[in-house]
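Just below sit the structures, each encoded as structure tokens.
Two complexes come next, and they have one chain in common, chain A, joined by chain B in the first and chain C in the second.
Right, the complex of A and B next:
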């Protein structure tokens, strides 16, 4: 099979599964069968992606096949039949490695879901897997896009599936609200993508990311707005913590590993465009660094294990955006890869813990390590990778980001990222100590290890979470931006801060006595986070700002537009009333007028010729 | 005889007719005045025909007379209807088209 065929299998097999489950309700309601079909499709997709990856490793890959979608001849085109509105497949190092990441995580999550969702009614179970398959199709459409237009199609599709899956427990009002909130926030941001595409199309006549254009600054800024929504950057991050209302495997796949990384992928993909806009990159670096620090601060005080991980995802996405803002495509994308593995692992392991104690709350856990060794070990591996402990995958990618940001002289973002690294280690240490060690709560007493369908994916994901870091050089080789990994002062500083964070966490939450003063120091952050300042700001903007805007527009419509129409109608009525007396109804008046008019016209014809 | 004498007579007839139409209150008198105006026009036609030595104008005058007769028939029947509905034929009373 050719590389293109493999990519098509990767993309359309999941679509076929989703359509099959859509048009055959009997199959969907069968539940387990639907899940098995979906997992089988995801396995084949992963196989195809891995084959592609092997080929890309052997020789640099650049394959591209496009077909005309809509007829549109670009201005000055030699061949008028060659439209610039195309769909197709674009395979290079970036898209192939992203395909592998997406397929690996998707397969692990689907297998995990077989166990995690087992107690759901069969019809809902089938519906869940239909959407999982649809997601894999949508994400792969985005990844293999040969231009920004197809990327946009995939982008909207994953947004839709995200909405559907967050609202999976639609009977719960909070889940329904969270789904709507995610939808609206990301749609708001997607307006940027639409506007960016329109500007790009107007100036270049196409949707290519390789063009050189003088409007790159505007286009990239608009694209970055969409990235802020999708990748949950401050201040558009508010939907991501709420998205945790969805089932935990969904959080692992969509809201940690792949979909939220689509924004980062977009920037990496459109790197040639972003390189032409240094000011956009600067904005990205600062927004990313601020988000990394801000979200890490909030994560410190969350008591819901999924919320901690959600804010951690925000924070890590901030790292990636900052890296891309510093101009280093490899650093950002490498961190995307390792983060996808270890964060999916963390979420799935957290799902296992939640499944065991039937609660998201850290205070309902405790002492789980001795009861569920495998799940707890997987969680610890993921956490250590996230903290950047040497040898784990996160260590390599995070250090690369810090070095790149430092090397390009972005000292303020660099400092923010360093502080975020400390906080990351601190909050992960806190979660480990509270959930896995210490005194078990009443819920945790009877916890026991989950079944094989929920532990196998953990093992599968723990391997890349441990080892993906060693492939950094390989990965950078795939898209011709060589990176040298070496020990540096920056790296050692970051690692030392990370270890400090873990130590502080131990001092505060692990040691029998102590840390009361430190805990008190964090109390203000807790209060601030609990008050939901950003949420309220959005509420204020939406409720008051939009309402004022709407009432202004309403006033304009009611009094200016309607006023014009009414004035016209009233004027006509009034004019009619004034002209009425002319019609006397008396025959002789009319004859008189006729005679006078004829005389006047005759006179005019004679004298005014 | 000179053409202008006929034209002057015709203009005088027309003016008399117009005056009658504008001033008479009785619908029958107005109809009669309209006849005067029509005949002024017929006189013009006949005078020009005679002056130019052609028959066309006289033919037109004959047609015009026929049409005028038809018009008077319609007009008089309207007057009769008017009389039946109101008991008089005063024009100022028939002003239903008043705006």
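Right, the complex of A and C next:
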């Protein structure tokens, strides 16, 4: 099979599965069978992706097949080949690596879901897997896109699936609201991508990311707006924590590992375009760094384990965006890769914990380590990778980001990232100590290890979460100059801060006595972080801005525009009614009128001559 | 046969109406059957139109017979890339709407059938007509059955809505009639004989002042039909009161006659007038996009919501038309068809729930996805099409319109602004449509009346399935449609721009705004768009600036 065929299998097999489940309601409602088919398709997709990856390792891969989609030649297009709108497959190190990441995580999540969602009604179970398959299709469409238009198509489709999956428990009002919020926020941001495409199309006649254009600055800034929405950058991040209303495996796949990383992937993909726009990159570096720090602060005070992880995702995406803003495609994408593994692992493990205690709340957990050793160990591995503890995958990628940002002289973002590294270790330490150790709550007393479908994916993901970092040189070699990792002062500083964070967490939450003084010292920051300032600002704009404006327009339409029309109508009727008494029907009245009129006209004729 | 295809298409519904007329009114089943059969035969026959040469801009399947030689009234019909898809939309939507809503009509079935058949014939006639007299006849003929449908089979306030609809449309039409007569008189003055034929009248050169008035009269008639802000208030009332079948046809086809009228008549006949008022109309279009969207969001009645969304969507169509770019125009025509499909489907869906609950108030619903899962799924798909999600039909049309507006030389500096404001309309579409989805389908069931609602029946499913297929077919393979409209659209754009340049050389024309003499002397490249690009931007920009500075002409 050619490389292109493999990529098509990766993409269209899941679509076929989704369509099959759509048109055969019987199969869908069977539940388990639907899940099995979906998992089988995802396994084949992963196999194809791995084959592609092997080939890419052997020789640098660049394969591209496109077909004409729309016939319209744009004005001013010189190159006939460029002037048509095309869809197709573009395979290089970047897209192949991303395919593997997506397929690995998707397969693990689907296997995990078999167990996690087992108590759902069969019809809903089937629906869930239909959407999972659809997601894999949409995400792979995005990844193999040969131009930004196809990327946008995939981008919108993953947004749709995200909406559907966040609203999976649609009977719950909060889930329905969260789905709506996510769709609205991302749609708002996506118009940036549309605008970017339109500007690019006008000036280059196509949607290629390889072109040299004088409008790169505008285009990239518009694209970055969409990235901020999708990859949850401040201040458009507010939908992501709410998206945790979806089932936990969905959070792992869409809202941690892959879909939210699509924004980062876009920037890495369109690197040639972003390179031409240093000012956009600067904006990215600052927005990313601020998000990393800001979200980490909020994560510290969350009591919902999924919310902690959600804000942590925001924060880590901030790292990636900052790295890309510093101009380092490698650092950003490498962190995307490792983060996908360890964050998916964290979410799935958290899902296992939630499943066991039937609560998201950290205070309902505690002491779970002794009851579910495997899940808890997986969680700890993921957490240590996230904290950047040496040896784990996150250490390498985070270290690389810090070095790159430092090397490019972006000192303020660098400082923010360092501080965020400390906070990351601190909040993860807090979660571990509260959830896994300490005194078990009443919920946690009957917890027990989950079944094999929920532990196997943890093992599968734990391996790359542990080891992916060691292949950094190979991986980065696939799509850029290979990066050689070495120990530096910056790295040691970050590591030290991370360990400090863990230590602080231990003193505050783990140590038998103490911690009260420390907690009091941190309290003001905590209150600020817990206040949800950005959320409230958006809500105010929504309520007092948009809704109020809509009411005003509605009133205007009803009483002014339509009111005037109705007034005109009633005025005509009324005038007719007033004039009606003139037509008395009495002959003598008409004769009088004629006589008077004749007299008046005659007089006028005489005097006005 | 094929040279009389259009006449056949026009005769078939009218003949069927005649058959129904002489059928005893008790034979309800026969009447329903023969009506739908005639419409299906019409649909099949209209596929014959696809067999034309749309790679040229010439009229296909043309027919021409002089009717009244003294006054130059000609039966002149034809179809080109612009009208082809609207004709097919008409023949496609009418049987669907009829079939889906039969059970809703319990009284005067015979008259209802005659109305629908007459309506179909009249709409097709208006799309085919290439003679202003014929067009006007069909244009007014369309009004009668629609007013009856609203006024007889409508809701509680049907008389108010029908009268409002009638008066609004009439005001515009009468002025258009005056304009047509003036135009023909001018033609007589310049050539010595009468003609109502579009091709002849297009050759007439008119001074700018006359063009402005004439264009205004035509534009008012069409703008009311579209409907453009601020002439839209008849639409929500008409839609809410009309029976489902009427609503579907009204939204899917009748409104398109307005936008089509701009393309076929108002703009080619009076390019300078149109050009002067272009920024003003584009401004109204953008206002309509946003205004309609906010109004839609505000509605409690879901049918009104869909009606206002039409105002918003047709604002997009008008914006694309006034970009006068290949992209904008093609996108507009595509979007006309898309709107017909999506909004037609939405009205059918609203009809479905109204038949079950006899209310359309959003607050009365909630949690319907539990009892009506198939209905909910279809509704969400159609919503996504209405919102313009890629892979559904709405995306390409909207994208091309925004791109067209952005790069329009005619809109000049205001183009990007229009595109930006239009884009906010796309976001707002997601806001109001998904708001409705949330209120109708999600959350828990709060009203006991909703507990036992049956899901889609087979009849409803059969009616909706073709629409769903088209939503994805056009979304995935829009190339076929765009290919066949390309020649006509390009010719439209080039004729329009050329006539603007030509108008400048005409001695009686005071239109100094359009293109300077130095560009008029340039050799003209093959592509109209290349020509537009070759011309210096400044004059167009200046034209816009002048209009802005001087206010609307």
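The rule is short, and it goes like this: the second predicted complex is superposed on the first by the 533 of 609 C-alpha atoms of A that agree within 3 Å, B and C clash if a C-alpha of one lies under 4 Å from a C-alpha of the other, contacts with A are read in each partner's own complex, and residues count from 1 in each chain.
Methods note: contacts are C-beta pairs under 8 Å (C-beta built on N, C-alpha and C of every residue); 3 or more make two chains touch, one makes a residue touch a chain.
Since we're looking at a predicted model, the values are computed, not measured.
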| said: Tell me the contact category for A:470 with respect to chain B and chain C: first, second, both or neither. | reply: neither
| task | Check the residue A:559 against both partner chains and state whether it touches chain B (first), chain C (second), both, or neither. | result | neither
| request: Scan A:69 for contacts with chain B and chain C and give back first, second, both or neither. | output: second
| task | Report for A:507: first if it touches chain B alone, second if chain C alone, otherwise both or neither. | result | neither
| query | Looking at chain A, does chain C or chain B touch more of its residues? | reply | C
| task | Would you check which partner chain A:411 touches, where first means chain B only, second means chain C only, and both and neither mean what they say? | result | neither
| task | Using the touch definition from the top, say if A:184 reaches chain B (first), chain C (second), both or neither. | result | second
| task | Classify the contacts of A:580 with the two partner chains as first (chain B alone), second (chain C alone), both, or neither. | result | first
| request: Across the two complexes, find the residues of chain A that touch chain B and also touch chain C. | output: none
| remark: Residue positions on chain C within touch of chain A in the complex are 164, 167, 230, 233, 291, 294-295, 297-299, 325-327, 330, 367, 369-370, 384, 387, 389-391, 395-396, 399-400, 402-403, 406-407, 419-420, 423-424, 426-427, 430-431, 434-435, 438, 441-444, 478-479, 482-483, 486, 527, 529-530, 532-533
| query | Across the complex, what residues on chain B touch chain A? | reply | 18, 21-23, 30, 91-92, 94-99
| query | Where on chain A is chain C touching in the complex? | reply | 68-72, 74-76, 152-153, 156-157, 160, 167, 170-173, 176-177, 179-180, 183-184, 187-188, 191, 194-195, 197-199, 201-202, 546, 549-551, 553-554, 557, 561-562, 565, 569
| request: Quick one: which bits of chain A touch chain B in the complex? Just the residue numbers, please. | output: 579-588, 591-592, 595
